[in-house]
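Okay, structure first, notes after.
Order as written gives the chain letters A, B and C; numbering starts at 1 within each chain.
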C-alpha cells in the first residue's frame, strides 16, 4: 500500500475526517484551549474584551484577560522550548529550572544593583551586560546538569535534584542574602510595557524565542538528532550521532531559556525573593510538555503542542483567578482540571482513539469495496 | 563504574552543602562566655528571616559575652538533629525558632535533663511550657487588628477590598486574615476578591490583574506581605490606576521591608504593618535575668509591633525599622 | 471440533491504520503436531500469533480451544497464558537486567513471599534438563542471544502449555543449538503439545513439521500435509508465483571488471577492539563481496564493528586506498565511505518511533552535517525513491518504522546506507528473520551493487547464503581469524573443517 492508494478514495466520510484530526498530536491541546476559552465565554462573556488603556506613566497598553494570559504565560512558554528538547533527548526532565531562574535573576540584580542591593538607575547597557552574564551562568549550570546526565549517565531527575536543592541558596548567596530592588522604571519595561508599544514585552520576548527555536529546528538537525537519541541511543551512535553531545546541548539550551525567564521575572517586580521567584515552575513546565501530548520518556516531540500546553496552564490559572474560588480550594480545582487534561492527552489514550477511528475507517473501506 | 561513584559522591556533597550550612563552634574550656546554640529557619526564606538572623548574629558576639553556634533548616527533623548536637556540645542556652510545632518533647526533655535552658523565639511549639523558659513571639492577630483599625480610621465612604492572602495555614496568614474577615463582616465591608498569592509578587500581580480585567471596582488592597503589595501595585501601574496617599486605591502591606517603607515615604503606599524580626535584644534580656538567678514570670512575651502610616512616617523610621 | 484438535481459529479479521493485516483467516492445530505457519513478511503470520496471544485484539472472528464449549476471549497475554497458550517471540522479549530465573517466573508468581531459593533450584533443574548453558542466578543480559532465546523457550515449557508458539526461534541459533531445540520440540510433541512453528528456514520446516499453513497478504492460502507440498510449491504458494531456482542467483555477468578491480579499497592491520577480539588483518578489493564466517560468538560482528568504529579500537591501523585513516567513532568511518548495517536490527538499526522517511535519510543527514538539514522535499524525494527501489511495503513514508514488518524494516535500514553511496558496505546478518523473497532480493542487490564497484562484506549465519554471494570468506573461531577460503575451496565442507580447526590438515 502506498500513499497514492490511501489518497485515492471515493468520498470523504465523517469517521475518516475525524480520524485524521484525532491522529494529530496537536489536536488534544488545541481542543483543551478551546474548551477552556468556551467555558469562560459562557460564564462571563466579558472575559474576552480587550481594551487600549494608559498605564501610570501615560503610555498606551492593551489590557484584558487574553492579554494577561499571553503576558503571564511567557516564562512558561519560553521554558518549555528547552524542556521539550531535554525531555526528547534524555527521556527525563530538568527539575532545577526554577532554582536556575532564581540564580539568573539574582545575577542580573547583582550586576545592576552592585553591592548596595539598590539601584536608582539601570541603563540599557548594564542590563544587557547583566543579562549576558546571566545567560553564560545559566548555560554553565545547564552544562553541569547536562554533563551529569550525558557523561555520567545519571537519571535527569536525580541529576537536576542537586541544583533544585541548592539553587535558591546559591541565588541568595550571590546577593549576600540581601533582597535587591531596582527603582528605575525603565528596568520594569522588560516585564511590563515598553513606552509606545501596547503589547506586553514578555509576550514579544516569547515570540522572539519561539521564532529562534523554530529557526534552530529548521536550519539544524537538532530536532531529528534529539528524537533519534531519545528513541534509540545505540542506533543513533551507529549512525554517526554523538548522543552525549546532543543531550548535553539540550541542557545548555534549556539553561539559556532559564536565563531569559530570570530576566523577565526580576523585571516584573523589579526585585527578587529567592524562595518564591518562579516557584514550582519546573512542575508546570513538565506538565506543559505532557499536556502537549509528548511522551515524558523521551523520543518524538511536537514543539508547538508543548507551547500550547504552557498556555493551557496559564489559561487555567487566569480562569481560576477570575472567579470567586476559595483560596483553600484553588489547588484542588487546578488538580482536577489537570488530571482530566493529562489523561486525555496521554499517548495511550490518543492511540486508542486513533485505533478506534482507524478501525471504523478500515471497515468502511472494506464495506465500500464489497459493494463495488 | 568509577565515574558513577564519583558522580554520586558529587551529588551527595553538593546536596549536603545546599541543605544545611552548619557552623558549629569548637568545644573549648570555659572562657567565661555564655554558650548559646541557635536553631533558626533558613535565612534565604524571606527578607524577614534574613533580618532576624542578622539581629541574632549582631547580638550574640564575643564582645557581648556570648559564644554562639548556628544551625539552619526549614525541616523539623533536621532542626531536632541539630538540637541534639547542641545538647551534646553542652551549650548553656538553646535558642529555637522551630520549623514545625510538634515533635519537640523528647529533645527538650533531654535538654532539661542536661541543664540546658531553652528559649523559643518567633514561633511557638506544642510542648509543655515547663520545658522552656520563655517564648518570644509576634502576635499576628494583633498585627492584623492594628492594620484593620488603621483602615477603619480612614473613614472611607465605602470599602471595596482586594485581600491577598499568604500561604494558607501559615500563622501570619491566619492572624492577618482573621482580623480583616471579622471587621469586614461586622462593618459590612465588601471583599471584592480574596485569594491566596502564596507570598508571591507575581501571583499577586496576576490576581489583581484579573480583578481589573473583570472590571470590578475596588479602593483598598490588603496584602499580607510587602512582596504581594508590590505585585499588586505593578498591576495597578500597568492599568493606569492611581494608588497611595490621596489617590484612588489604598495600599497596605506587612513586614516593613526597607524598600516598602520607602514607598510609604514616597506616598505610593499607605500603610505597612511591622512584624518585628529584632528579637535578639529580648532574648539577651531574658538570658541576663536568668544568669542573675531571676525567674521569668511571664513565659510568653509578645513583641512590640508598630504600624506605619504614609502620612506620618519619617526617614528615621525607615532607617530604624526597615529590614 | 474434532477430538484431537486443540486450537481452532475461525474467520479472524484484524485491521491496522491503512492496512488490513488479516482477512478471514482460519487456522487449526491438532494435539501432538508441529505445524508450520509460513508466509512472506507482512503476510500476517506475526499478527495472527499476536491475536492468538492477546497482544492484539482481533476485530472479528472466533477462537476455540479444546475443553471449552464456547469461543474463548483472549484480551491480554495473561489470558492466553492462563488458557495454556505460550509464546516464544522472534525478538527476545525478556528483561535483560533480571536474572535467568526471574525471567522464567516473572508474571506468574502470585502473592508475596516468593521463595527464590526454591525457584532458582527449579529453574536450574529445567535448564539442565533442556541442556541450556545458563545459571538461574545469572543476569539474562550476560547470556548470548542464543541462550536468551532458549531461556525464553524454557520459560514456555515450564508453563505446561497446550499450545506452544515458536515465532522465529531459530533465527539466532547455530546448527547445534537448532538441533537441540528440535529434539526438545519432538519431545514436547510426543507429550501431546501442539506447536506452531513460525520460521523462514525451509529446511527446518521439512525437518520437523507435520503440516504447513500458508498465509499471503493477510489471507489464508491453504493448509497442507508436509508430504503433499514439495519445497518449490511451498515457495510458489508463499510468493504467489512460480520462482526460478533460488540457488542460481549468482549471475556470471554480474562481475565488476574495470581495471581497478583488484585494488585494495580498505586494508586493516592488527586491528583489535575492547570487545576482546584478537588483532586481525583484513582487506577488501573494489567490487568484491567477501564475508566473515564462524559459529555464533566467534567474533564476526566484533571484527566489522571494530572496522566501523562502533567498538572502541585499542590497536591496529586502517588504510583506505593506501592511506592511513583514523576511525575512532562511526562518523569517522562514514566520512570515509564506510557503511554498516548492524546485526541487531531492533537494538542498533531502527529508530522505532521515527518515520520510515526519517529512518532512511538519517545517515545521509548526519554525513551532511548538523547545520545542513535536508529540506522536506529532498527528504521525501529520497525516501520515495528508495521505498520504490527496494519495494519497501509501508502505508506511507510517514509511517513509524516500528509498525513495519521485520523484512521491510531491514530494507529501510539498507536504504539508509545505500543513500550515502558508500564505497564499502558492511552487512551484518542482513537477512536474519526475513522471508525468502526479501532474502533473495537482498542477495541479488548485493551482487548488483558489487558489480557496479561497491565493496561489500556480507555476514550471515547461513553458509549457503554466503557461498552464493561471497567470493572470499574469512573464517573465525574463538574471536580469532583462523583462515580464509576462496575460489574452488569455497564449499561447505572446507569451511566446516576450517571452523573446526582443520586448517592444520
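Observations on the structure shown:
The definition used in the following text is that contacts are C-beta pairs under 8 Å (C-beta built on N, C-alpha and C of every residue); 3 or more make two chains touch, one makes a residue touch a chain.
Not measured: the values here are computed from a predicted model.
Placing every chain at the mean of its C-alpha atoms, the farthest one from chain B is found to be C.
The most centrally placed chain, judged by C-alpha centroids, is A. With centres defined as mean CA coordinates, chain C is found 42 Å away from chain A.
A separation of 69 Å divides the Cα centre of chain B from that of chain C. Chain B has its Cα centroid 34 Å from the Cα centroid of chain A. By the touch rule above, chain A contacts chain B in their complex via residues 44, 46-47, 53-58, 61, 63-65, 68, 72, 118, 148, 151-154, 158-159, 161-162, 165-169, 171-172, 177-179, 181, 188, 192-193, 265, 268-269, 271, 273-277, 279, 317-318, 321-322, 324-328, 330. For chain B in complex with chain A, the residues that touch the partner chain are 3-4, 6-8, 10-11, 14-15, 17-19, 21, 42-47, 50, 53, 165, 168, 193-196, 198-202, 205-207, 209-210, 212-215, 227, 230-231, 234, 236-242, 257, 259. Those residues of chain A that touch chain C in the complex are listed here as 1-3, 6, 218-222, 224-225, 227-228, 231-232, 234-242, 299-300, 354-355, 358-359, 361-363, 366.
Across the complex, chain A is touched by residues 15-20, 59, 308, 310, 329-331, 334, 340, 342, 347-354, 358, 362-363, 365-367, 369-371, 373, 387, 393-397, 416 of chain C.
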